[in-house]
Structures are given as C-alpha cells and as structure tokens.
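Mind having a look at this structure? Questions to follow.
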Amino acid sequence: MALLKVKNMRKDFDGLEVLKGIDFELNKGEVLAIIGASGSGKTTLLRCLNFLETPTSGEIYIDDKLIYDAQKDIDLSDAQLREKRLNFGLVFQQFNLFPQYNVLSNITLAPSLYIKADIKRKKKEANLEYIKNLFKPGARKIFLQKRSDLRQQANSMHEDIEKLAMKLLKRVGLLDKVKSYPCELSGGQCQRLAIARALALNPKILCFDEPTSALDPELTGEVLKVIKSLKSKDSTMIIVTHEMEFARKVADKVIYMADGVIEEMGTPSEVFGNSKSQKTRAFLQKEPI
Amino acid sequence: MALLKVKNMRKDFDGLEVLKGIDFELNKGEVLAIIGASGSGKTTLLRCLNFLETPTSGEIYIDDKLIYDAQKDIDLSDAQLREKRLNFGLVFQQFNLFPQYNVLSNITLAPSLYIKADIKRKKKEANLEYIKNLFKPGARKIFLQKRSDLRQQANSMHEDIEKLAMKLLKRVGLLDKVKSYPCELSGGQCQRLAIARALALNPKILCFDEPTSALDPELTGEVLKVIKSLKSKDSTMIIVTHEMEFARKVADKVIYMADGVIEEMGTPSEVFGNSKSQKTRAFLQKEPI
Amino acid sequence: MDFGQIMLSLAQGFATTCLLFILTLIMSLPLGLIIAFCSMSKIKPIRWLSRTIVWIVRGSPLMLQIIIVFYVPGLVFNYPMESRMFAVTVAFVINYACYFSEIYRGGIESIPKGQYEAGKVLGMTSTQIFFKVVLLQVIKRIMPPVSNEVITLVKDTSLARIISVGELIKSSQDMMKATASILPLFYSGIFYLAFNGILTLLFNYIEKKLNYYQG
Amino acid sequence: MDFGQIMLSLAQGFATTCLLFILTLIMSLPLGLIIAFCSMSKIKPIRWLSRTIVWIVRGSPLMLQIIIVFYVPGLVFNYPMESRMFAVTVAFVINYACYFSEIYRGGIESIPKGQYEAGKVLGMTSTQIFFKVVLLQVIKRIMPPVSNEVITLVKDTSLARIISVGELIKSSQDMMKATASILPLFYSGIFYLAFNGILTLLFNYIEKKLNYYQG
Amino acid sequence: NNNKKDFEYVTKKGTLVIGITNFAPMNYKDDNGKWIGFDTEFAEAVCAELGLKAVFQEIDWDTKEVELKSKTIDCIWNGFTVNDERKENVDFTKSYMMNEQAVVVKASNASKYTSLESLKSAKIAAEGGSAGVDAIKGDEYLKQAKLISVSAQTDCLLELISGTSDAAVMDYVMAMSYVGKGDYADLVIVESIDLAYEEYAIGFRKGSNLDEKVNEVMVKLYKDGTLLEIAQKYDIEVQLLDLSK
C-alpha cells in the first residue's frame, strides 16, 4: 500500500502549463529525489502538494484514501485546507524562519497555537455542557473539575512540545543555540532549524525544496548530513535537489522532471547509471556529480 | 638590489599595537604571500604600504631610495602622498568598483583624470610663456602650435589608455563585458575587473588583500588563475591570502604573521614544509591545504 | 504682564496643541490600518477608491483640508460645524490616517511572501499568521517613518489657528500683542522643541527595544 | 463673479505659490549642501553649531519660523522687513536647507568607505573622488527623500498666507468670501494636485534614468 | 525714540505702507483687482499732498499693532476705531468718520435675536483685535456669549452664512455695504440693538510725528471738498465728521 499517490496532477499559470500530468507513488519510509533543469516545475509540484498552489486538476491519495481532488475541492474552507496540509511538511530554500522568535519559539510557535485553539474549544464545550446541566446537582463540581483538568492538560501539552523541540534541536545539532535568534545563525544552522521546525508537526511526508542551494558550499554538507540522518523506516521524504551525488546516495527513488512531465523515474542506479531517456542522459552529463 | 624594503614598521590604533615592527625585503619580479590568523595585522600592513593608514613609525624604501619615513613625513601634502602611493596598487577584498561607470570606464577613469590634469597644467604653462613673450615676433604662432600639439597629445594619450584598458580586459578575460556595469558582473568578474583597474596604473608593486575571500568557492578559481597569470619577471606582488595551496604554488617568499610580528619568513617550502616556529606549525595544521 | 502670566497663557495653548496631537494619533493610527487594508483589497473598486483618496489627501495642503472640512458642512449642507476643534480634529485624522496608511502598506508589502507561506505550511490560520508572525515585523519596519510622521504632526498642529483654534502659536501671538514683545514666540518654540525632543527619545527607546532581532 | 474671474485670481495666487516654490528650491538645495558639510566638519564647534541649528529648525513649526523671520528684524533690530515675500522666502530657504542637509548627510554617509579608498589608491585627489566617484552615487540615493521633500514644499507654500502673502490658498479664500461659495477652495485643490502630479512624474523619470546601474 | 522722525523715515522711503484688511466700503478690490474704497482714495489723496506713494498692505487685523511696531506697516488706516486702550499703543489723528458696531444675523434667525440679552448664549464672530471685540467684551450680555475671533471682518460674514457662528459684531459702515446684497442676501442687521457710538481715525506709531502732518492735510482736504466728494462716491457722506473745527 502506497503512503502517497499523486494522480495526473496538472497546473497552469494563466495558460502557461507548468505541470502536465504528474503521476507517482511513494511508500512509507522511502526517500524520493526530484531532479531536473531549472523551470521544469519541481518547485511547483512541491507547492501543489503543500496546497500553496491550487492544482488545475489531479488527485492526491494518502494511504490510498483520496484526500484531495482538484476538480471537486475548489472551494475548500481555510480550515479544511489546513487539515489536509498537515499531512505534509515543507522546508524552503530560503528557510523562512520567523526572525522575531528565538530558535526554540520558532519550533514551538505553531504547535502551541494548536494547543491553545484546542483547549479553547474544549473550554467552550465545557461551558456549554455546564449551561445545559446548570440545574442538575453536582454540575458545578464536574464543571470546575473539567476546567482544572483542561488547564493541567494544556500545561502538560506545552511541556511536551518543549521537550519535543529540545529533542529535535539536539537531533539537528542546535542545542547550544536554543535562545539565539535566527539572525545570529549561519545559513546552515538556519536550514537545520527550519528542518526541526517542520519535524515538530510530525508530518507524514516531509518535502524539501532545494534545501542547500541558498547556502555556501561549506555549509551545504552539514545540512545534507542532517537530512541523511532523518532517513528511517518511519520517515518519508521528497527532496528537490541539484546535489546529484546526494540524491544517488540517499534516495530510494529518483524522478527526473523535464518541461512539466516525469521524463524518467526509478531507483538511483536506474536513473543515474542506466537512463533510458536521451534527455535524462544529456541533463546528467551537464550536472557534475 | 631590493625593489621594496620595509624597515621597522609599527602601527598603533589608539594604543592598540597592531604592527609591532615589520621588516622585509622584496626583489623585482617576486611574489610575496602573507598568511596568518585573523587579526594578526595583514590588512593593516597592506593599508600602511598604500598610505591608507599612517604608520606610527617605519621606513619604506623603493629601489633603495627612502620614499617614506613615518617619523619625518607626518605632514605630507595630499599631492605628495598621492605620488608615493602610485608606487603601489591595491586590490581590495570587496572589489570597490565604481558602480556608476561601465567596465571600461572603471579602468580608464583614474588615468584619464591624470591626463586631463597634466594637459591643463601644460596649457597653463604655455599661456604664461605666451604672455611673457607677448611682444616677441612669432610668439603667437608658437603659442598656437603648442596648443594644437597639446590637444593632439591629449587625444593620443586617451587613445593609448583605452587601448591599454582593452589589453588588460583581454588579459583578465572580460573582453565581452566592456560595456557592462559592475552590478551585471559575477563576484569573480568583479574581482578580475578590479585587478585590471589596478594594473592600468602600472604600479611597481601590486598588493592583494584576500582577493578571493568575498567570493563563492566556484568563483575563486578563476580569480586565482588570473593572479597566477600575472606572474612575470617584471611584476612584483604582495598577496594576503588564506588559500595556502595557492600561496605555496605561486609565491616566491612567504611571510607568516602572528600578533603583529613576522613569525616566520622564507620560501614556500621552508615555511610550509619545514617551519621553524611552533606557532607556524600549529597554524598550518588548522588551515586545510 | 509678568513671565508667569505669559507662561500660563502659553500653557493653555499648549494644552490645546497636545489635545489635538493625542486625538489625532489615537484615531488616525487605527484608521490608517483600515485604509491600508482597503488599499490592498482584492476588490478593485475598493482598492482604487481608497488609493485615490489617499493620493488626493497626500497631494494637497492640510491647511486647505482644514478649511474645507470646516466650511463645507455649513455652506453646502446647511449643517454647520458645531466645534472648531472638532473640524480640525477631523481634518487632521483624515490627513494623517492617509499618511499612516501608506506607511503601513509599505511595511506590510515589505514582509516577504515566504513568511506567510511558512505560517500556512505550519497550519496556522490567516489571523494567526497576521498577528503572530507578520505584525511585529511590520511594526519594527514602520517605526522609523511613523516616528517621523508623528514629529511632523506636532509641528502641523500649528495649522489649527487657521480656523481660530487657540493652539500654541495663536496664544503666543496673543501674548506677543499683549506684551509687544517677540519673546512669547521664542518660548513657544521651546515648547515645540521640548515636545519633539521627548518624542525623539521615546521613539529611539522603542526602536532600540525592537532591535533585539535583525531583519 | 464668473468662472473666468475666479480662475484668473487663483492663477495669480498660483503664480506666487510657484515663485515661492522655485526660489526656495534654487536656494535651499545648494545651501543644504553647505550645511551638510558643516554638519560633517572635522572641526567640532562648526559641527555642533550646525547640527544644533538643524535640530532647532527641524523641531519647530515652519509657521513659527515665518512669523519670527518676519517680525524680529523690525521689532528687535529696528530694521523692518521690506517685503513679506522676502521674509517668507528666507524662512522657507532656511527651513528646507536644514531638511535637505540631513538628506545629503545621510546620502554621503551611506557611501561605503571603500569607494573613497579605491579612489585614493588610484591616486585621485579628494575633489576628484567627490565629484567623479561619490557625487552621482549620492544623487541616486537621495532622489527618493528629496522628491518627498519637494512635494511637501509644494504644500507648505500655503503657510505664506500667515503673514498675508497672497498665495494660492489666500486667493481662493478671498474668492470664497467674494462669491460666498466653497468652490474656489476645490479649484485650488486641483491646482495643488496637478502640480504634485507633474512633479511625481518628473521624479519618477529621473529615478528611472538613474537606474541604469544598481547599488 | 526714533519714532519722532517717522515723517523723515517715510519721506526717505518715499512710500507710506498702509495696513488694511479687505472690507467694503473702506478698502476693497474692484473687478480688476485694484484697491478702491473710501479709505483707499482718502489715503491716496493725503499721500499725494505729502509727496508719498501709498502702498496698501493687507494684514491680519489681529496683529496690526505688532505690524506697526515692527515697521512692516507705517499706519493703520482701515476704519480704525478710536478707543482708550488703543491709545496706549497708537497715536491717532483727528477722527474723520462716525461709526457704530452692528449686530448681523441670518434672516432666518432675526426673530430669535432681537436684543442683547437674547445673544447671551450665542456664538458671536468678530474680527480679532477689532472694536467689535471690545464692544462684546464691554457688554454685560455679550461677554457671556462664545466669542469666535477671526482674522478679517469679511470672515465674520462667511462664518454667518456657513452657520458656524450665530451672530457677528462688525462695523456698521461695513455691514451696510454687504448685508442683503448678492451672496450675502439672507443676512440682516439687527436694527433694534444699539452698541456703542464710535469714531474712525488713522493710527500711527506711538510718539510719531506723522499724525500732525496728516492732520493738517486732512483739514485741508475737508475744506476744499475733496473728502466729501469721495464719501459721496461711496454713499457714506452722512457718516463724515466735520473736520473744519
């Protein structure tokens, strides 16, 4: 059973066809590398998967369940879109860290906001319940108990989040920077923080859009090392990259995109060593491994 | 006979001793590489040689002629300083190109300004001469002849400068960028232009302050190649650099500076292969060759 | 007239000046935000209407606007302005709201799209993104132009005297007549300088506080 | 009074406005440069004196400055101002020169030291460095704030009516009294908008021209 | 005190700068924008006798004493009412015209404002620093009203028609020539109210020697009929005082 299935995804920008029907599958624990010339639509594909762009048509299945059909789901509400989006995580080329929060808060901000929203909703429910049962005996006691439970729950959830954040920071090697601000980090550290931030939401599939191309070559290594270390049977990743060597070593599956279509797809050795398409070979010759 | 001799050069910044007595000699056609940790005073030394800083004490000899004695020459006029400065050229780490001029004009600007100033001075002389001899027969004719000679001279000098600039641009591989502006060049092209600009004034000694450290590693190569190509029996160069490999291959003489003194000086094989000082060995171990 | 009396009279004028200053700020700062959102609205007519109004207000003298706001209700609608101070305040609020709106717009538009996208990808709602991610960054970026504008406001309050509101310059001119001396004018100059000096210090403090991070 | 007469009268006011505008620009732009150099002078007393003057002028209302410039010569020195227009022009020139000086100073100080050093190393004189290397870069950088200031100047000319100089707003107010109608005020608003519109186009053109290079 | 040499000062300049505000029938502009009016022609006649050029300068009436003192004008000659307070700052010539302060209201309010008492809680506009303001301050009812001080008498009329003031106190001479005409058709003078009787004169700097010279010329112009002729032209000959005594 494939974790992710993308069927016939298409995207036009005002008539410019950028994705011309993309189909692929990805199993749990696999790493997919997407390579291809500039302008071939790699970024657009990732953005469609993360609902930053609305595909013109196409379907997305997770665990064989259709979660998005571009034809039908045109008018999804913001809330519905947000929920679907949480299946995916995205690490940007330009990091897009929040400059006014320190390293720890960059990671905990989004999760804390959910906890707050969640607790708020539950409080409201408790209030309603209380009003409904206002005249039943013991209602007030139950209500107060519930409120205090919720408070405790919130506290422990916040603590958990913080613990998780610290664990992730350790994993990406930023434990000594917990209180620093993004402006005080090097490019490589910024990107590692961005990865930790995406991981904190525990997405089913984590996407990377050229995570090292805004970095000095010296800093590229440390980021690639972190990404490599993420590889495990539980984490599924899609990585758009120009680092061929890295793609070959780390990926389980490689897609070569050209002009909005998948020109070649297969294992690294199939694509790099033994490519069927003329186009792919030409591209790989130009790119230094 | 040494082309350049520096004797006991010292420099304080408000009590902070940055150069603590530097002595060295350099022969015509030699390349001197200066290496050393950050803050050891390499940049300060180059800036003192180019009179961008005033040394606290020290003497500079060119062809065994004392051209500058910090003790005596405190109140040099701008014009005198300028003349001494022209013995040296300096290529900056940050290029410092003139953004509003195109590639060609960046090179010809300074030389054209001299030509203009020079011609203006000569015209004034001619005028004075004319006034003195106003009543001698034929004075007017001589005067007019002189004026037209000067005009022609100016024209031909400007043409020469332009020819020289084109020759230099060819040498640094920028012939196709003659009309471009600095903002349209890559970092490596900028630095090559800066080198051409410095060469146009034909300095006796050309200094480089970490010419590649503002560049992406991919662009470093092209600039080092240009510098290497400049090496000839006529051109004398001082290069501050962190590129040990380059220093070893290109330099005739290497100085390792530490804390404002010359810790070690010798041929590349002496300094890199067989350093006497403990400090030097420690430094070289850290720097990857 | 002794020095005390002069100062007392100037202080009254200064009180009016301060009142106008505070009222204008309290109302134009939020109004400016509304206008800024209208100027960035996806609905074309709203966007163009709001931008045109801003262009007109910013393109014509505040003095003219004060006179128009004061006389139009009576002359055209036969519904005279009850209070001069009110008319002046309305004119000032409109004028400054338009200036602030452009500052806000510049600030909001200068925030990279990536900040919004990062928020979206992390599953935040638009409101959360605006208040938790973007707002503080905008505030930091607009502090310098806003403080400039506020200091200009202090000086512009003098325009209130055009429709005979007794602000600082008017009272110092009255004192000038009463004492037949130019000194009250200089005293009022000192009031302005002191006021602006304090504001400058205040804004420097705020800007410093916001400088805990860069970018 | 017919429309033609109103327009004629407004045109006269507009001529005064334009005259004040042009005189102020012609004189304050160079004067501002001198003040800027004084503010950056290596001689401390000059630097501080000039910065203090700039601070005072920028911290107090132009209206106050106009009144002071107009009355002080007669009241204090018994040497009365011959012409109101002259007094207004003096006040405007001083005020705007101070504003321009700060813009110039910001522009000059924003040029990286490396540009001067590159010039020096190439053996240029200080004068050559200033005129051939730095000046154009400064001009490019100060264009946006200068154009803002110039447009503010157009609107500030209305302050001349404070000492009864018949500029555009005064003549439109006179027309308003004569016709008991608010329309002349709107007409004068159109004059201002048109003037500022033209200036905006002009400045956009200049900024575009200067954009042939970046940085 | 160099005001004693004021006559020499203006003779040297050759001009007499006359501070005015724009109001009919004393000083106002004709359709070509040229200054006319009783005081305009009167001043021109006097200046002609003294060999001076009359220069009319519009001023903010509120600051007329400062203008005079700072020599940005040489006299105030614009239906300038004589009173004791002003005599402290200004040297007056002989009075040449009588005047009183009139109360002007909108016709629709005429039945509401019939007495001074009825104006007690109204908004009353008057030109800052004018005799009107003095009259308001000197009346037991009017001084309770809210005073709106504007910078020219014509502003009072504008205040009235735009409804931003309820009543205006201004020179009767002026009220007569505006009220009920053209754009100010629906304004009326409240005839049932009598405020103080007063007289117009010309104001010079304190201690000036100009007022005596001008006095001589005024008497001469009265005696040869010039003055009456001008007054008739502007329809205010009944207000003219007898200067021959």
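Residue numbering begins at 1 within each chain, and the chains themselves are lettered A, B, C, D and E in the order written.
Definition applied: contacts are C-beta pairs under 8 Å (C-beta built on N, C-alpha and C of every residue); 3 or more make two chains touch, one makes a residue touch a chain.
As the structure is a prediction and not an experimental result, all values here were calculated from the model.
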| item | value |
| --- | --- |
| Chain labels contacting subunit B and also subunit C | A, D |
| Farthest chain (mean CA position) relative to subunit A | E |
| Chain centre separation (subunit A, subunit D; CA means) in Å | 54 |
| Subunit B-subunit D separation of Cα centroids, rounded to whole Å | 44 |
| Separation of mean Cα positions, subunit E and subunit C [Å, integer] | 40 |
| Approximate Å spacing (C-alpha centroids) for the pair subunit A, subunit B | 52 |
| Residue numbers of subunit B (touch at least two other chains) | none |
| Contacts with 2+ other chains: residues of subunit D | 71, 75, 176, 180-181 |
| Shared-contact residues (touching 2 or more other chains) in subunit E | 66, 69, 158, 161 |
| Pairs of chains satisfying the touch condition | A-B, A-C, B-D, C-D, C-E, D-E |
| Subunit C partner contacts - residues on subunit E that touch it in the complex | 62-63, 65-66, 69, 89, 128-129, 148-151, 158, 161-164 |
| Touching residues on subunit D, where the partner in the complex is subunit B | 112, 114-115, 117-126, 128, 132-133, 136-137, 140, 212-215 |
| In the complex with subunit D, residue positions of subunit C that touch it | 55-56, 59-64, 67-68, 71-72, 75-76, 151, 155-159, 161, 169, 173, 176, 181-182, 185-186, 188-189, 192-193, 196-197 |
| Subunit D partner contacts - residues on subunit E that touch it in the complex | 2, 22, 31, 33, 57-60, 66, 69-72, 154-155, 157-158, 161, 182-184 |
| Contact footprint of subunit E on subunit D as seen in their complex | 5, 9, 12, 70-71, 73-75, 78, 80-81, 84, 162-164, 166, 174, 176-181 |
